[in-house]
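Chain naming follows the written order as A, B and C, and within any one chain the residues start at number 1.
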Amino acid sequence: MTFEYAPAPESTAVVKLKPEYGLFINGKFVPAKDGKSFATINPSNEQHLAKVAYASEADVNKAVAAANEAYKKIWSKMPASERGKYLFRIARILQERAREFAVLESMDNGKPIRETRDVDIPLAAAHFFYHAGWADKLEHAGMGSNPKPHGVVGQIIPWNFPLLMLSWKIAPALATGNTVVLKPAETTPLTALLFAEVCQQAGLPAGVVNIVTGDGKTGSLIVNHKDIQKIAFTGSTAVGKGIARAIAGTKKAATLELGGKGANIVFEDAPIDETVEGIINGIFFNQGHVCCAGSRLLVQENIQEELLEKLKRRMALIRVGDPLDKNTDLGAINSAAQLAKIRELVDSGDAEGAERWSPACDLPAKGFWYPPTFFTGVTQANRIAREEIFGPVLSVISFRTPQEAIEKANNTPFGLSAGIWTDKGSRILWTAKHLKAGVIWANTFNKFDPASPFGGYKESGWGREGGRHGLAAYLKGVH
Amino acid sequence: MILTDGSESSIKSFLRTLSPVDQVGADARAAMLATRSIKTSSKVWAIDIAISMIDLTTLEGADTPGKVRAICTKAVRPDPSDPTVPHVGAICVYNDMVKIARDQLDASGGHDIPVAAVSTAFPSGRASLDVKQRDTEDAIASGAQEIDMVIDRGAFLSGNLAKVFSEIEFIKGICGDKAHLKVILETGELVTYDNVRKASFLAMAAGADFIKTSTGKVTPAATAPVVLIMLEAVRDYYAMTGKKIGVKPAGGIRNTKDAIKQLVLVNETAGPEWLNPQLFRIGASALLNDLLLQRMKIRDGHYAGPNYVTLD
Amino acid sequence: MRIDVKKTYKLYIGGAFPRSESGRSYEVNNSKGVFIANPSQASRKDLRDAVVAARAAQAGWSGATAFNRAQILYRVAEIMEGRTSQFVDEIVALEGVTPAAAKKQVEEAIDLWVWYSGWCDKISTIYGATNPVSGSFYNFTTPEAMGVVGVFAPQKSSLLGLVQSLAPVLAAGNTAILVASEKFPLPAISLSEVLATSDIPGGVVNILTGITAELAPWMASHMDVDAIDASGLSATQEKEARLEGVENLKRIFAFKGDQTPQRVLAFMENKTVWHPIGI
């Protein structure tokens, strides 16, 4: 007999789903004015989870008005230390309700409970805790002696890390004294709505945080609203460019956290087993739905064969399946649309002559699934080497010298992340210095922390989130 | 396949071909594997296989024939109330207890349970080669079928790798086909994972049948990352040579949870082929009772108490 | 009576002083409408050449030690000091201000080079960070050069505005393509002569004179320009530049004469590096 781990499903009893969710405006849940709603499903089994209100113009106007009112009458007048206390409260409540958030996130997004439990939710709470402490120390942040918030901030977040991206947006915005209208992604609205309950429990003044659910149209209503002073967006480069166009010639400020095609560079002297783990973590963490994924493996040609053998062996151990199973490593693709996009790009890889490999892997019949995959024989000109796949698909490219690695790594319009694997300290620093990327992981990958600035060069976006540097995004006239 | 001819320069150049280990990454991998949740039928299987992998050990100055006989009896039938419980993998004792253990095992139906002796000036290894030779020969003559030798950590740390290598080679020669050789690295004294990886390969190249983490006299002992590094080493050594070497963590594995974590490490590192007592052993004493208590809980549906397992 | 030897005002690209490839020039008059000079009217191809030169010089300039860059920018101030009267004459002629006011402008400009020179080797000390992340990792953030920056010098202040825009861009380690004030371009050209003799490697600064409205769209849409200082663009031109600049998500900022490290930081990218701490 072999060691088959029996299913170890996390109980969903901790989550009390409502059949229908309203918009969170001015401290209360309210239905959409025209009564429209849309459904959100569990992508791992296509089961209906809940109906969610669809915000149209009147609703967005109401939310912005509430945020404006709260900014003028309450939030901008409150001593900074008191403002910070609300954030501390929110952090604590997120910790208290962590399991509930983890399960709900896994259900709505399809990502493994191991990740929501160990990464998404603890980091979300940590972001609030970290920024809470900034609220009354902004004059020491190197952003001038009297830094000023923008006012009402419009925030639009993606579906890959729903609550975590919410915390990356809301925590610094509130800490610096802004009020917020936030739109979660269409396919993953539920934890944002549960977060609205947290705001209520924390006693956060009405209107400081408003959450409107909807689709791209709702998002563009936020972007174009005259009373919104600043836009913070995380998502695709295409939509980010659209936002940049929409606000050109206005007084609106913007931070954009967009796509990437991160190079994970492996030198011949890399600690090989940890490197394999890093490659796995770089591309299969969160099903590869990660803007900073290490989606291009640049491997020194003289160790490629050995590395790929080890990678194959390790990939065969990846447990794909029920996201709520505590032993699952790779969960469901977030939506049918995303799955189609992954397939389309993989097909292009096949058609352009790259060689595809996946381990034998039973995928569930229901839901949206894609097996862990890599391509070898990839050239810089292939679409799979240039376009963001945003799925569990790795493109392997070889190099011969450090200079060639740098040239290939930087040969992309993106510049978000990169990885370096070598045992040689001076080579790490040389490589890091020459990479055009905002976040560089040396001998590790996909690590995140509220104290660590995150964001990209070039078409990967504008500005940073997290750390001291991230505060600039929410204060006027600083960089 | 000859990896080294045993000369200092050849050993050094061989060990230099090994990949370095990043401590933080290795720790993270071990910690991730520790989150595996093993339930129901898998747990039943895991408990039984863990019992069959135990080198039931007593290595105290206060050991007496009575104590040794008691654990030997237990080794054969760990749970007197339940004959379906498998016997343990081996008994592990000091040299002077080998014959007592052998006789007791034979007397209580444990013919197929080997006795392992800790030889070569266990635990420090600080003795002349002559003494180590005599120690080993004595154990084998007394009926030991497994020799748990210690490496000369001082020699390893001072860079005298040929000495470490030749001692292992020499003891292996004495063991011949009469005894299996387990080589104790004492990882707690080697400190770095790079050293653990190097010492593992050194021991395997010199002829070890098993590599073992610790004497049990030094902490830290069989930490999960150290076992991970050693499992990676046997996996890689197999890929290089086609030879499967066993791994034995010893020290600090006290309860069922720890033991199952070890099995998960084996399963996802060296692979399922290593999940048997021929290739994986756990050096322990208190662990057996906890495994038995957990087994009873699963069998009976309620928690057992310490009075329902034997204290030896 | 002696006839003046008048200067031919040319472009400054890659360390050389070419005329516009288009062969065009335009008339620049003094504040009273009297002809002074025919500087080159740079074309989009001149701009393209300038971007190539700036990109080629980028690695060397951003890779030079901060101390080295600081000394070079200080050297610019030294050389300018010796040419004060030349700049004063040009400013008086173009802007119609008093010699005293012009002298003040030159002195302020020189002092600004000195001030930004000092930032070269301090900006990452003050604005970089070691971030206390959870887990066994060393994590640090350093601001580094953004790359190639297009600078539209302010239209109204012929020398000081230009230095206000250019100095911080260079202090950050960027290379620049500077488009001079359309009506007041002469001090920019004189500055290029200063730059050429002050150890600034060729291509680090490229100076174009010409019609702002003609050059702005080409600068804004150029995919190898990373950022723009839009201080010299009108509101409409700036909006147009932002729309064009979206294609490669150019960073575009405009300033109002502020003297602040924020102007340096605006043209820097923060790079964060993680590394495990282990044995």
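The rule we apply is simple: contacts are C-beta pairs under 8 Å (C-beta built on N, C-alpha and C of every residue); 3 or more make two chains touch, one makes a residue touch a chain.
This one's a predicted model, so the numbers in the text were calculated from it and none came from an experiment.
Ranking every chain by how far its Cα centroid lies from the centroid of chain B, the top place goes to C.
More C-beta pairs touch across one of B-C and A-C than the other; that pair is A-C.
Work out the mean CA point of chain A and of chain B, and you get 44 Å between them. Annotation: 69 Å between the Cα-based centres of chain B and chain C. Chain A and chain C, compared by their mean Cα positions, are separated by 37 Å. Within chain C, the positions touching two or more other chains are listed as 135, 137, 276. Chain B has residues 22, 24-25 in contact with two or more other chains. Chain A has residues 443-444 in contact with two or more other chains. Looking at the complex, you find that chain B touches chain C at residues 22-25, 27, 191-192.
Residues 19-22, 24-26, 28-29, 35-43, 45-46, 49, 232, 263-264, 267-268, 272, 275 of chain B are the ones touching chain A in the complex. Taken in their complex, chain C has these residues touching chain B: 135-137, 276-279. Within the complex formed with chain A, the residues of chain C that make contact are 126-127, 129, 131-135, 137, 139, 141, 146, 226, 235, 238-239, 242-243, 246-249, 251, 262, 265-266, 268-276.
Within the complex formed with chain C, the residues of chain A that make contact are 126, 142, 237, 240-241, 244-245, 248-249, 256, 258, 413, 428, 432, 435, 437-444, 447, 449, 451-455, 457-459, 461-462, 464, 467-469, 477-479.
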